[in-house]
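Below, subunit A partners subunit B and then partners subunit C, in two separate complexes.
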Partner chain A sequence: MESPTSNNFSFPARLKTLSFILMGLGLAGLVASFLLYRDNSQRVWSNLLISAFFFTGISLAGTFFLAVNIVGESGWYTVLRRIPEALGKFMPFGLVALAVVVITGVLGLHKTWIWMDKEIAATDELIQHKSAYLNVPFFLIRFVLYAVIWYGFTLIFRKQSLQDELLGTLDHYYKMRKYAATFLVLFAVTSSTSAWDFLMSIDVHWFSTLFGWYIFAGYWVSGIAVMLIILLYLKSLGYFPQVNQSHIHDLAKFLFAFSIFWTYLYFSQFMLYFYANIPEEIIYFMERYDTEYRPLLLVMVGLNFVLPLLVLMTRDSKRNAQISVTIATLVILGHYIDLYQIVMPGTNGTNFGLGLPEISCFALFAGLFVFSVFKGLEEVALVPAKATFLDESLHHTT
Partner chain B sequence: MGVGLIAYLIGTGVGVWGLNRTVNWAWDITNFVWWVGIGHAGTLISAILLLFRQRWRMSINRSAEAMTIFAVICAGMFPLMHMGRIWVAYWTLPLPNTFGPLWVNFNSPLLWDVFAISTYFSVSLGFWYTGLIPDFATVRDRQTIPFMKIIYRITSMGWKGGVKDWQRFEEVSLVLAGLSTPLVLSVHSVVSFDFATSVIPGWHTTIFPPYFVAGAIFSGFAMVLTLLLVMRKVLHLEDYITIYHVENMNKIIIVTGSIVGVAYITELFISWYSGVMYEQYAFINRATGPLAWSYWIMMSCNVISPQLFWIKKLRTNLVFTFFMSLVVNVGMWFERFVIIVTSLHRDFLPSAWTMFYPTYVDIGIFIGTLGIFFTLFLLFSRTFPVIAIAELKSILKISGEAQKKQQAEKAVEHSIH
Partner chain C sequence: METPSKTLYGVYTDPDETVAAVRALRRDGVRIREVYCPFPVHGLDEAMGYKPTNISVSAFVFGATGCSLAALMIWYMNIHDWPMNIGGKPSFSFAENFPAFVPVLFESTVLLAAHGMIATFYFVTKLFPGFPPRNPDKRSTDDRFVMEIELADQSLSEKEIEELLQKTGATEINRA
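Now for the complex of A and B:
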């Protein structure tokens, strides 16, 4: 990688073209899916929700990553902080897409959240019981709150980060730390409630206290995997000469550790319901294990747990770019499948498969994501010239 | 007193506790969980903070690890006592035996506890002792009393301080840190399974494993603060355990306390959301029933009062910190009491509802374990190096206050010349 390196990223033409192709094909595929699945448009809507939530989650993981590192007074990530900042550039698109799914749901175009349907609610005692929380106005208010809090803080962190590079003073850092701590408090609440709203309320009779943390762990791991891939990709192009093996090793350690953390939460939720075997609770897993979803479930656990556990265990594999990128890609795929098996059984029963709606939704959002994130990377210099803790980050060794 | 009452308990039977048919688990398991939880901070400081490269852990890890071991000893006594027939305690181990095809019940989380706790105890002990070896050698080299020299010679296992010694030491430390990280998380998860695998309202909830772990770290740090603030004063360790350390521990208390708070509220919300009659009642009963006072002690001690640590003045105030550490310890004891007793005493059948009153044996044994714990800790601080000397040396140049001052003086001198 001895190519002349620049601190200003320019979006490679091939990647840009690829993102346009993905968006174009995805959009065309989406329109075609709506025409093809006229009688069963629910499958398309469900896929829209899955993709929109998945990529918004990754974007949110970037903001969370920044907040945690600022609060934790950590320095090592400073050199690569443009990447989590750039993830936030996708967030408005993701939020708009989620808004589209929510509004069409409210209008009754699809039945992703059956509790929104007045006829069903009228005959369902449990939905009536839950209606103090699960009602359309309150749901919309919550959605607006999430959007404002998540995107608002994403913008604040970006702005503060750019200011930090002009000032580079500790006083400014303390100010950033206040914002970060505030975000973390709000995020502690919204991460759980948003998971209940968008995903848990699909299976409206079912409930689990751990659900919010489990969903959070999923997009947090995916976010780390995406950051790792972007970092290694930019490095392979010759950018980020300041990023050394230790930075990559640290991100890969996170990928390893939080894959296990995700498994811990998934297992805790599953095992406790499996063990107690209460019909209202275990039905959730029976719908996913005793049906055609079983292969998906098993593949998902393999990709999200077994693979990173075995492959990323050693120091050498975490420091090897090819291995790390391969595992990160597979982990992202695994968490997409995870989200798929969360949403589909409750909305579509066993009517699923790998068809046009699946591929086109993923392509559309992946294209949009790549485009917005890399466009965001172009905006400012990759490595800040002056920032608190930059020096620590440049001399990072483990 | 504790020993006497334990003897009385074992001689007479578990009937001397305040248990009854409905409340068949109370102070015994409350104390067990409380002690195990306290143990967690030591491992967190030594293993997880090591992995997160937090250097400030080095001046507190020795005592915290000692505390872990003593707390786990206290915890382990309760299941043994609860067996009633302590002489058959080895039946909990899956040993091939002469009783016919009789095996332990591998399906029971109580058995998982046996494995989890005993593994945790041995690894913690190994970790702690490994760290002590070079320090024992230092003590040995400075010892003038021949008898004590022999003792420290044995305990330091022939440590010479050569390169090979250090290399092996580092390797073992890393492996043990890697082992104890999943262990510390698994231990309290398994403890939570004791409750959560059941179908008792208020126990059976999926958030239990991570929430118990957070609660354990929370209570453990409170106990570390209680012990260290006293030790710092008595042994004049103000230069080693600074306000900075105290503040960092208080920050961990805010974080874990808030996680526990979020978990309480999540449980409360989902119990309503679930629409399950029994779950709802379990929580109404907790907050308004005859034991509501314990619920509100728990809430105020664990969730509300730690929020005061957001104020920098308070979290750097030693007297306030000491007071808060006691408050958190009390709160976490009541958390377990609330979970265990309020869920049991009014179960599915109103005709079987009872109240729970501890007997003097319950109280005495609990106080007895406190005594054992503090005695062990005092013995430790009397004879062992309470601060990891060897480890601290490695960061003295970067973080030591005296060193910093010296360097600053040097810099001034340079600028003058």
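Now for the complex of A and C:
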């Protein structure tokens, strides 16, 4: 076994076992839920969509993190850039899982997107009005585009980053900046439309222009929480001796700031509907507030807003590993609940709860995520040797 | 005969050099009164050995005050004195109309937190308008970093401090 202070990460055996157990139990649970919920498999499919989208989003947040920092010419993140790069390692699995949910939906195995059903669409004037955008061929084309753009740029950033650290010149950095700017433009469009496609079109009569940003803010803040947890976990094992309190402080600042950003978007969306009080619009929130979903909604807002706001407000708590990891974990849970209450009312009505489908889907994808990300961290040295801005990053103080 | 100088000014041209110089001088036991910079220099506060600021406490207190005052104002204006039918929901209750009040609550929280913080900062540092400037060298507002050392109660002699300043990269040394 290598010494823990080495620059090459080795996947701890216990964590690897844990990820395999999670995957095994998750897969077994998933099969069992399909058997158990034979008459109502919709709940299992909805959970598959939630988990697949949630973890793909976290993976995507890693790529977005890289792009934003490259375009912003920031240097502080260089020492820890392996972590967002490794998040991208999950993306193919997440995209395949999403593809499975999409294709089974198109085949009519589940009714997650009711506008795909020709009989329903034939009698529904609102769906007909939206059919120029919401039709199966275009939906599939868009899905392929998302997969190509998101995973393509994830691979490009990884490749350029690996070459950048070998040469110690600025060539790949300039290339990366062009790619990153292109990605940001494409991502601005695809992050919104993907949220409409996968999540908003579930409640097909309802629409919100803010929805894309709200969903994006959710997985962006979850992605930051995951990065913070991975960083502090690796540091506790003795890796990343170069990462100082300021790097951790900055990530925790991001967690704090984007929790508030998420709340800002969620609230901006909600308040307009609340104020206008138009029945066909407010029904979306009635389904979530005046039903059994109310506890979920309130817990979600508490975990995603009140908790990080009050606890992470001070400098000391942002620099405290235990506090930030606890809050980051709770924020991840909060955003999972958020996604749960987005998907479930439209697909399952009030038929929900903490059952086998919920637990097994989360376990399966969490296991897969942990395995692929930590496997990705093993591939190359943790701190890029000659990377652009590395020196600035090592001297980072706030 | 000229009077013996009381204060030494080491003038530097680079922020990183200044921070390194502050560290080196303090390591040798020189007490530095102040460093004047054209912009905030990261790590300088730590190098000078300052305690972390408590200004965030004042931000929280002022923010909470702003939020409470706004709540009181809204309750008085829209609920108590002149009950408003907000968004077609004539409930006339503060709690049920709460979402409509959030922007005002938020804005006045920010307003009081920001202004309160600035006022506190000016009060603590005695920088309020009209106060005579205490800047020893006007170039420290442009492109020079000026380190101020009072010669009284130093363990090193004037000559030794002067040598240290030169060694750490001071481009000129002035006296007052």
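In this text, the second predicted complex is superposed on the first by the 394 of 398 C-alpha atoms of A that agree within 3 Å, B and C clash if a C-alpha of one lies under 4 Å from a C-alpha of the other, contacts with A are read in each partner's own complex, and residues count from 1 in each chain.
As a convention for this text, a contact is a pair of C-beta atoms (placed from the backbone, for glycine too) under 8 Å apart; a residue touches a chain by one contact, two chains touch by 3 or more.
Remember, predicted model here, so these are calculated numbers, not experimental data.
Once subunit A is used to superpose the two complexes, subunit B occupies space that clashes with subunit C.
Of the two partner chains, subunit B is the only one touched by A:S192; subunit C is not.
In the superposition on chain A, contact of A:L265 is made with subunit B only, not with subunit C. If you count the residues of subunit A touched by subunit B and by subunit C, you find the higher number for B. By the touch criterion defined above, A:M286 reaches neither subunit B nor subunit C. In the superposed model, A:T397 makes contact with subunit C only, not with subunit B.
Applying the stated contact rule after C-alpha superposition, one finds that A:V148 touches neither subunit B nor subunit C.
Contact with both subunit B and subunit C is seen for A:A276 once the two complexes are overlaid on the shared chain. When the shared chain is aligned, subunit B comes close enough to touch A:G212, but subunit C does not. Applying the stated contact rule after C-alpha superposition, one finds that A:R315 touches subunit C and leaves subunit B untouched. In the overlay built on the shared chain, the residue A:K130 is in contact with subunit B alone; subunit C does not reach it. Within the three-chain superposition, the subunit B stretch that clashes with subunit C turns out to be 164-172, the only such case among 164-172, 200-208, 236-244 or 272-280.
According to the touch criterion, the shared surface of subunit A, contacted by subunit B in one complex and subunit C in the other, consists of residues 271, 275-276, 398.
Touching subunit C in their complex are the following residues of subunit A: 267, 270-271, 274-277, 313-315, 397-398. The touching residues of subunit A, when paired with subunit B in their complex, are 125-126, 129-130, 133, 185, 188-189, 192, 196, 205, 207-213, 260, 264-265, 268-269, 271-273, 275-276, 278, 280, 398. Every residue of subunit C that touches subunit A in the complex is listed here, in rising order: 42-43, 46, 52, 56, 60, 86-89, 99-100, 102-103.
Considering their complex, residues 53, 182, 185, 189, 193, 196-199, 204-210, 258-259, 262-263, 266-267, 270, 273-276 of subunit B touch subunit A.
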